[in-house]
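The same chain A turns up in both complexes below, where it pairs with chain B and then with chain C.
Right after this comes the complex of A and B.
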């Protein structure tokens, strides 16, 4: 009996290993219908990162009659290739978007396996002839929100609940702090890390700890509205992040960072459809889209750049800007927003001179940072208080 | 208990030793019953249950990409499962395979990235280090139980969390890879530290072969050697063991060196065969250490049968992807589906150990 079982098992394994059928995909012909697959790292109901990507997917699916979309949620890093296998072989996807840094190596492996399928990977840095990268970044918006936080704090202590100490968050927190310090040189930004993108319990704990330290305005990087809710329960102000979180605390949400991934998806898919992008020319295609491309928006919810109940306070707060002279914070925000949102950008939050919190000159006077130095940024600007793993 | 609740026309008798045929038949009926109940959920989502099952089986076994996914999931379940059959034979409740797997992954990563060993020695050294680390993690609760009487379920379970945080600390701290731009991953393993795979799949076949060979060796060890006999005696009758001079500490320690070590090997396979780096612990273990408890249990503590049960759970896990991708159903349904199968399998225990018939009068 036992021997039989063993023999059968060994035979089965040998047999299975012997079968090797690898599906082959056909090259996309421009102008024909596209099936686009979206791979998500979280559940579509996370009210953060994945939710925002899925909203964008639905927008482009409605916009283009020639586009069909499919999505897979909650995909683990190790399952990237196997999920793509099914999307290519069973769902006949021509274009596949992988929407998390976790999927970088898997997407690259799949791009080699399916040279005729077009891939685009969000937030990574590896590309291939048939694999582009894309990112809608918030650092300009964080700077604008920082201007508001600096004007509205009463304790001069601003809290920031971060997920992971990676360059993306370090860039955002520094831009935010530059904004805070521009209008309020006495204010500091207190940082706590949750080491998780979505962990409401840890976010609550971090927010409460920062409230106890005296913080009265909050910004954050979390895929849940927890910080907004906990801050409001303690009478503190906050900003929306990724998704419109205004409705969770209409009296406490000042503004926020909103994303429009659909702008990138629409542009990319249109260029695949008209033949601009093929499976052979994506090696240098890297979307780094900001305010001027409409990929990100400053607002508590779409169409509400600043919650009206805070506008008077922002108009009444006058600062002395070295470049613009005496100006209300409200006008300063509008000026900077115009300078960054209109084509021919004339302002950047990180324009030199910028010193890190150890006193080292990071960006010389008159210089701007390159995309590459922004995406690999490890230092912290003056005014940030708290642990900073990987600080040079 | 049973007598009180049974109506008079039912007759329930205990089966002293259920035969292989009974175990097989009852398990099959349980699985079919679970599939019938799960069918209700598929139908509620507007998917025909028959076409759903056809695509799950087809997706997991119908082509090479499905089979390769099934085999990839089978490998860690097989290694952890064999280890757990050994522990369960000694009635040592090792709930810690997940943590032992993670420690194996950590040790393998350390060797792969920092040992400086020449290429051909790397992989053997990684497997050795992974086994040792898993064994060490497993032997701690063994000593705590025998020497201090501390509950093995609690210690093995809690040590999973310690292992999880060890991995988190390493990838966020000292081992964070300079090439990963601040993200919490180690650097990629050099090519010599990667286990060969079949084609472009994730099937790291040397680990699979190792698992099957170890299943045979452990079967022989448990059933044909003095050491295996002592393990059974310690498990089934600790008093007899003590009277016959079997050292409980030594026996339980050997059990947990093997059990933890095998789980450690599974961890080596995951980092060196699938990911090629150390990353978020939940992405490495994927709950394999917990699923393996059911794999071992379903195999009735028989290492050879683990080959079959781990393959079956590999099919379930690969089939879960089909539910998500091809049928477009919410991913939560996979948990419902897998949960139902486990529920019915565990519930079927009663029918294995008792013969139920209708009284004729």
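Right after this comes the complex of A and C.
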């Protein structure tokens, strides 16, 4: 009897081990079909961050005949590894994209667990031989939008509805404020935090609070068009964020920040397919893609950089730029856009001297910020009014 | 400017954000008064929101959207009613299941509606006469959704029915002591079914308010936890529609003020304020002796089977 139990146990162990071996990932052979898995933090229906990643997934899935994609939405940070387990073992993914900062440690753990699978993590800073990082960043676009906001505000109060006070948002709000102040030194940017990426009620009430304070132009970091809608209902102007939100308020959306994650996904997947990227050489692969790579776009919707109804006002507003002399805001925007969008970038919003709002020199004259200092930025530039958790 | 504009804007937002809370709470009060706890508010609400958005987008008739949302909420609540009243399942589990089902179903059905603007949202209206009252007028009765005024009017009606009519006595009797009510010839199951459906209808209308007025837009999970606040507000209201109004508007005012006062108080503390307030009230209310006096239905969450005590 005991022997029988022992035999069964041994058999079970062998079987399980066998399944595990069969299930384990094999190294990807270049030129063979790729199955790419995408892990999303939110619902693909958020019309913000996750929606933008999923639009990109569909574009690359259509573009490459050798590519099959799968995705999992609404994944909590704590479920990162178990979700990857499923993608690797059940869906046989060769490449996995994890699209939220929260997934960073889970992705790293999974990268160690599956050394033959290729990982790419969005917006983080930890890498491994089989784990790259990527980010399409908006700070240049926010600066350009800031130039417009500064010229179009009548109350000199501009509202910004932020999600979480993390370096990414602090960088964007500061770049935006530098733009505002470049054309309108009397204007200030009033910031409110919702402590949520997507909470329409929070975004709505935060916007209403800023309207009550007198703000008449709005920028935001929220995964929904709520700020655009609330601003328009109160006769205020705004910008699109992530997704084209022009149609929610065609008379009130000036421009915006649009993303093309597909540019990064296509480049990365193509390089995996042709063997440039393997599970052994990603330690230093970090995509930090901006205007010049086409990963981000300035526009109310694709192909509409500035809503035509605001162009005359921008052309009629003349400012005295220390470098370019007397120039219309419209021409200033075009000049800066050209300087940042064409290869051989000759302008950066954070080019020194930049002082923080406490008066400390953060970027010395003539200097630019490194990617590392941009991604770990905690200070706020002058002109930002509002709480700033973590301010040095 | 000054304190007057602070009061006016706070009142206006208390009404605007408080209305879906109030609608949901009014319905849940009736369900719980009859002895059925329905944790499925969030699910019924989002189904209503989805239905209202689709109907309004297709027909251009926001009020048709509201009616369909009410119907969808009511029908959807039947799942909970059937499970918890007829099958005598655990009300907590069944309600939670309804929430999950609603969120998931609406999320999947709503995929193609994401990112579409709504051209015919519910319009705003100003109440003649009342809007001339200083501060209260511009705060509560100027340029608000008609549904907000309707919800306000429903409060005394729902209160009167519950405490001063035969129907109300029957509902409360079923929630307090179903066996006695049964022995007096009351059809316990029928009363409970009706009350749960009333709760569903109200949740559906609250959802419509969110998707075709408050936002107006559709995104997955757009109710964002409002259904859970309703559960807390129902207890806060001591199962009384009048206190339901006070609680809903008060919570909404705090929620808005959290953003106005961010300049001076840390955002995370302010964000927690309305919830801390809700928890404090819950602790206060749930102290045993108080609970009886304040009107918690004695048979809440208890399925009723004739002859079992």
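Here is the rule we use: the second predicted complex is superposed on the first by the 369 of 392 C-alpha atoms of A that agree within 3 Å, B and C clash if a C-alpha of one lies under 4 Å from a C-alpha of the other, contacts with A are read in each partner's own complex, and residues count from 1 in each chain.
Please note the rule applied: a contact is a pair of C-beta atoms (placed from the backbone, for glycine too) under 8 Å apart; a residue touches a chain by one contact, two chains touch by 3 or more.
From a predicted model like this one, the values you see are computed outputs, not experimental measurements.
Trainee: Looking at A:51, would you say it contacts chain B, chain C, both, or neither? Reply first, second, both or neither.
Mentor: second
Trainee: Chain B or chain C: which reaches more residues on chain A?
Mentor: B
Trainee: Which holds for A:248: it touches chain B only (first), chain C only (second), both, or neither?
Mentor: In the superposition, A:248 touches chain C alone.
Trainee: Which partner does A:229 reach: the first (chain B), the second (chain C), both, or neither?
Mentor: Only chain C; A:229 stays clear of chain B.
Trainee: Applying the touch criterion given at the start, work out whether A:170 contacts chain B, chain C, both or neither, answering first, second, both or neither.
Mentor: First partner only.
Trainee: With both complexes superposed on chain A, which partner does A:76 reach: first (chain B), second (chain C), both or neither?
Mentor: First partner only, chain B.
Trainee: Once chain A of both complexes is superposed, is A:195 in touch with chain B (first), chain C (second), both, or neither?
Mentor: So A:195 meets both chain B and chain C here.
Trainee: After superposition on the shared chain, which partner residues are touched by A:389: those of chain B (first), chain C (second), both, or neither?
Mentor: In the superposed model, A:389 contacts both chain B and chain C.
Trainee: When the two structures are overlaid on chain A, which partner does A:208 contact: first (chain B), second (chain C), both, or neither?
Mentor: Only chain C is touched by A:208; chain B is not.
Trainee: Could you tell me which stretches of chain A are touched by chain B in one complex and by chain C in the other?
Mentor: In chain A, residues 43, 165, 195, 389 are touched by chain B and also by chain C.
Trainee: Which bits of chain A are touching chain B when the two form their complex?
Mentor: 1-2, 5-6, 9-10, 12-13, 16-17, 19-23, 43, 70, 72-74, 76-79, 81-83, 85-87, 89-91, 101-102, 105, 109, 112-113, 125, 164-167, 170, 195, 375-376, 378, 389-390
Trainee: Using the touch rule from the top, collect the residues of chain B that touch chain A in their complex.
Mentor: 20, 59, 63-65, 67-69, 71-72, 168, 172-173, 176, 181-184, 188, 198-200, 202-203, 205, 208, 212, 216, 219, 270, 274-276, 279-280, 283, 286, 302, 304-305, 307-308, 311, 318, 321-322, 324-326, 328, 330-331
Trainee: In the complex of these two chains, what residues of chain A are touching chain C?
Mentor: 43-47, 51, 165, 192-193, 195, 198-202, 204-206, 208-210, 212-213, 224-226, 229, 243, 247-248, 385-387, 389
Trainee: Mind listing the chain C positions that touch chain A in their complex?
Mentor: Contact set of chain C toward chain A: 5-6, 9, 13, 16-17, 107, 110-111, 114-115, 117, 210, 214-222, 224, 226, 255-256, 258-260, 262-263, 266-268, 271.
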